[in-house]
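What follows is a pair of complexes built around chain A, which joins chain B in one and chain C in the other.
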Partner chain A sequence: MTMDLVEQMNEQEKRKYVKGKKLGEGTYANVYLGHARHDAGVLVAIKKIKVQKEYKDGLAPDAVRELKHLQELLGHPNIISLLSVFSSKDQNLNLVLEYLPLGDLEMLIRDVDRVRYGTADMKAWMGMLTRAVWFCHDNFVLHRDIKPNNLLIAANGEVKLADFGLARSFADPGTRMTANVITRWYRPPELLFGARHYSGAVDIWSVGLVFAELVLRAPFLPGNTEVDQINLICRQIGTPTEDNWPGVTQLKEYTVPSEVVPVWGKDAYMSRFGGAGSDGVDLLVRTLALDPKNRITAREMLEHRWWRTDPRPTRNEDLPRKSAGGEEKAAVDLSRRNGVVDDGARGTKVARKLDFGAAR
Partner chain B sequence: MATEDARYRLSSQYRLWSFSRAELASLREKSNSLARASISERLSRASSSSEKNNNDRSASTSNANTPDPDGASFRLPEFLTVADESLMTTFYTTQLLGAGSATGLSDEICATAAAFFRRFYITNSIMTYSPQDMMIVALFFACKAEGWFTRVTDFLKMGSFRSLKKQPEDILAGEFLFCQGIRFAFDVRHPFRPLIGAGMELRRLGDIKEERIRAAEERAKSILRFSSLVTDAYFHYTPSQIMLAALSLADRELAERLIHETFHHITPPANKGTPTNGGDGAPNDSHQPKGQNKEAIIGQQIRDKVLGTIEACREMMAHEMPERSKEHWQSKDMYQDLILPIKKKLKKCRDPDRSNLVALQRARREEALKKGDSDDGDPEDRGGTVDDDAAVFGEAARDAKRRKVAKGLDDPFGGPL
Partner chain C sequence: MPVLTSDDMCPVCKMIRYLNKDMEFLINPECYHSMCSNCVNRLFNDGPNQCPYAGCHKTLRRKGFRSAFFGDLTVEREVDIRRRVAAVFNRVEDDFETLRDYNNYLQMVEDLTFDLVSGTDARRHDAEATLQQWEASHKAEIERNRKAGRDADEMTRRRVNAEREAARQRRVDALREAEDEKVERARSREAELDSLAQGAAPGGGDGQRVQLKRPGPAAGSSLASASFSSASGALADVGRLSIRGLKEKRKPAAAEGPYDPFGGMDFVPSRYRVREGLDHPWLNKYRLDRSYATGGYTFNEYTHRAMFEAFAGLGVFVDDEKEVGIGLSAREVATIGAGIAAVGDRMELD
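The block that comes next holds the complex of A and B.
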């Protein structure tokens, strides 16, 4: 068969890279190390998306979303770069991504024994995460799956937001969206209550929980079920009521424990999150506002005084890092099915199934 | 990340799918001639092998692989011209829009489908892939790209799609090919939201009658549902330019008013102190550039350039006002006089290898299974699950040919992503 113009173009893209060893294998994709054909020093990660057994309707939603948004979110240092796309085999999509060899934020948080970090380091990581989220929102994209293992680390220490398999564009007013997004521990109360109209505030909640986890070095709200998740929120942050969140009781799946816990003030957080400093705690509390309308926005976060008070954020090259296992960890992150709570040794093994039919 | 303009230039719509008129013409030319070349080859091969089967034309069998194009034994059909292809693309875009809206798909989905469809036929010929097949693939995939993941079986039961009598395989066989054809760029920027913004801006001015604004919005919207989608407007202009052109077609004064309001703080020569600011508390004041930058960004020259661009876009869209959808594109006479003759030609010059997408897909898979992996380099994958690494389509075998074909091809889209 001779090739059409598009096939020729595909071949040209494909031939720009050489695929190397497999770094990771997951339900959604396999990840390979690769390099540019013209320069073996230019390393890339090649994510080969698998044909998904349970999705019979062509290119799967994760792949469509991820490609759609990565194509548009180019040029930000804190968002993983899509360098190229080609099909290697009939119906097998390959995404050429920048190579991020130092693992993810989860690795750093978990390795309490070997990785030490302080306020300045957290400030640097949070700064990069917040800029990434701001960029998404400023481009009218909701990420909808922010969590530590979607925050990969580049060779120079830079944090990169990855995995856009659940992302979507901002909806026009009135459009219904699925509430079934964001990994449970990082899922905001409005989604747990089944809200079908929501905003960038859902991502901000997740950012707040990543922040809390950085300080605690353990997940702040590791609910085992959705009900448990709501209970944890009520206990640790406060019970959502008409007083602190007008309209909340109208949400379809609004149910809270009968014992109403008042919303904790900043002082209550200071004892557990003092490691972030007083201004840091102020920022944290604002990201965890129950009512999404009162939650701080990404832009407001960037204007917060925490970034400008001492200590200054650590420079990228001085950030703590792990030397071993990063490459493999990042590969696992890239090949995982989106929106699933980590199946590793942390807590629950209940993987939430995505409802492909309804998910928008 | 500074201005909206800078941001737009990073979009796939700009990077991959915006062209000058000359570039666009040459791409279409190239796709057309490439299709002619490969179809000629396939048709003549088919013809000589059937001669061989007839067993009575021994003279020509020695030429089986290189038939003499001037030979009396085989005559190439008349091919579609670039103009024929253009006409067909436009005709089927109107069909696509008709089917989409009759089925109740949203404006965005219909518009995305139309944009995808026209993009696809820049690097593919109508002679290679049937527009009737691809039109429904475009609609189906546009639903997904716009975030609506409906089942293909349900999709085919919707409204007017039922009458197309398509099977799920018909769509799925073409989907990947289609995605490749649109270069895996699934985001299309439309002028619908800009139009809402324009309406708000016009109301903010306070001195225009509501009925007038509403009428202009209505008309502009119907123009944006058709005129910008069946012409090349998306390839040449930004969403806001297209919106302003549509508004100008609906109510020229209002469009010009908007533009003049945007540039109303133009000051005479820049070095006479600080330029006067809008000072009307417009919400975007803080984003307005200062000093001589300002002259370069919102000065007289730029205003005139903007006006000129919108005028040109307006002119392009004016050829296809919404009324043409019914009066022209759905008229029987038009079909008889313009489309049917091309379809007749098409019957003879259609690519024999690509007319059946389902069969094509199956053939590629089988070929791939036979040959196994080649230059793809997944050593550890080999012998893995079939459903993981379904196939290559015979890449090693095609290598030599590919190099030959690819030589003449200077990346028509410029660099990679």
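The block that comes next holds the complex of A and C.
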């Protein structure tokens, strides 16, 4: 049987990997453990995108987003690397990703009893996360779904940003982006207010909330609905007004509780987030600025003095880790639909289903 | 007339089992030629002698003779060789950095064994030389591994014994508990009868009866906890077992410089410089739109990207970087990229 060149190349790529047992199944993809054919020691995760009914005449947008941006972001140690892509029978798309066996950051945060970590560990994790976001933004990619369970942990302790199913590149002026991205708890106020022109600042807000969650060991702003989320932001951070965010009242979905709370200063945070140290709290406050124009950028975050003050960030091999259960968890993380809070573990109220068909 | 097999007749003295019920065959691992014990005594009593088989010129000693374990002497020989090789090449998986190394090692050992067992004379000779040389040069290591292996065996044996002992203890405990319960039940019944005989209301016994039901699950839980503790004990043993033979952890002793928050990376464009305040009439149209500023959209980022894209690909020669990333060749990346670009236009909308 003769195959055309593309089929031959695909076949050749497919032959490089051996698909092993299924690690997890999600609505959007199945994840299999696999290894390279030439060396059984090289483990990979093979994410097989399911054929979705809504998208008969092409790939699902999540798959396209993930593929498109992961291949552009190759080569950073803090971003999950895409090793290969091939299609199997019935035109199923298979992404070969590096295998990250130690679960995700959420597991470590939640396991209050068994996992203990200190400022140095948080600094190391935040450093890796911030570098990943910086790399994305410097390559003009918005991740748009940063949260602890998208931060997977490699065998050497390195944190890797995964799940680019909601990513997109920076928009040109004149194009509108959807405001319906980022898992609710980590969604910044400008998206909650329906802004259609935004920038990397949306990811920075999420980074700030991951930081807060690391310190508190519980989600900082766990809103049940979007209205609730706005209320929480107003109460915990401050009410967005024309004074602290010029033009905010003009945003399409701007609604705030009638009781105006002034923006909290650094002192107010010190009592809750003292664990990060004074400089850490300073950084946190800057990431949680209401007005995206005033929010710190990823590069500025890395230039912050917190990284240079004591304690020094922990080395990767000394970071706290959990050995058991990472495999299944990583598989769940990879196969989850994007932008949704995990139902089982984190309450039944989930973000509204993302419908890209309607947003178009 | 029954056929005489080699089991029934000594190939040297032609003695048959019919005449000597206790006939026993012995072999010498020098040449694996079998003969009856009488022949061995007769031929080798006065010191070393040549093998009586025609054409076999091996010198044998009486001490080397033993009875064969397998009926098939080729199997006997192979097992002996394997035992000998295994005693010399006694590495375990833990000694190796990767599974692949270990598998390569096993392959090497198996090749050598095969040469010894069924190779041509030359190959057998070579293999023999290799084996002896290895044995001579790695004596200490071999001895250490053998000892480690013995220790491991001992550990396993002890663990199995401990487990068996724990299981026995559990059974005894359970039996005793059942016994106790029975006694208790009888006693309470008696007490109840007594109280009834004394004319007290039977209500008092209720609480007692309820209480009596409890030992069941309690016994179960104690059993469970016992099994758990023994299991965890076993686990600890296993843990200790696997630590043995691990490669020493080599800590990088390199003196660390100050922490670099950027991880040693910097992406300053080398071919162009973006000046602040780049202006373009087309952009100004959007600059005036308040909703851009409010949502946090930065035109700076746009000019950066426009510049980047204008220069992207300059000075890149596909031939020079055939291998991009780990699995994707440059050509494939281009193909995939083109495919995505075709779909991309539609996806850009949100």
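Structure notes:
Here, the second predicted complex is superposed on the first by the 349 of 360 C-alpha atoms of A that agree within 3 Å, B and C clash if a C-alpha of one lies under 4 Å from a C-alpha of the other, contacts with A are read in each partner's own complex, and residues count from 1 in each chain.
By our rule, contacts are C-beta pairs under 8 Å (C-beta built on N, C-alpha and C of every residue); 3 or more make two chains touch, one makes a residue touch a chain.
Small disclaimer: the values here were computed from a predicted structure and weren't measured.
In the superposition on chain A, contact is made by A:Glu13 with both chain B and chain C. Contacts of A:Asn92 after superposition on the shared chain: chain B is touched, whereas chain C is not.
Using the contact criterion defined above for the overlaid structures, shared-chain residue A:Ser84 touches chain B and also reaches chain C. Once the two complexes are overlaid on the shared chain, A:Lys22 sits against chain B while remaining clear of chain C. In the superposition on chain A, contact of A:Asn30 is made with chain B only, not with chain C.
Once the two complexes are overlaid on the shared chain, A:Gly247 sits against chain C while remaining clear of chain B. In the superposed model, A:Glu303 makes contact with chain C only, not with chain B.
By the touch criterion stated above, A:Phe135 is placed in contact with chain B and with chain C alike.
In the superposed model, A:Ile230 makes contact with neither chain B nor chain C.
According to the touch criterion, the shared surface of chain A, contacted by chain B in one complex and chain C in the other, consists of residues 6, 9, 13, 16, 58-59, 61, 64-65, 67-68, 71, 74-76, 82-85, 135, 138, 168-169, 172, 356, 359-360. Across the complex, chain A is touched by residues 98-100, 256, 258-259, 261-263, 265, 267, 282-283, 285-286, 289-299, 301-302, 304-305, 308, 324-328, 332-333, 335-337, 340, 343-344, 347-350 of chain C. By the touch rule above, chain A contacts chain B in their complex via residues 1-13, 16, 18-22, 30, 32, 48, 50-51, 53, 56-59, 61, 64-65, 67-69, 71-72, 74-76, 82-85, 87-93, 135, 138-139, 168-169, 172, 356-357, 359-360.
By the touch rule above, chain B contacts chain A in their complex via residues 1, 7, 10-12, 30-31, 34-35, 38, 41-42, 123-124, 128, 140-141, 144-145, 147-152, 168, 171-172, 175-176, 179-181, 183-187, 193, 353, 361, 364-365, 368, 373, 376-378, 380-381, 387-394, 398, 401-402, 405-406, 409, 411-413, 416-417.
On the side of chain A, the complex with chain C involves touching residues 6, 9, 13, 16, 39-41, 58-59, 61, 64-65, 67-68, 71, 74-78, 81-85, 96, 127, 130-131, 134-135, 138, 140, 168-178, 190, 195-202, 245-248, 250-251, 291-293, 295, 302-304, 307-308, 312-313, 315, 356, 359-360.
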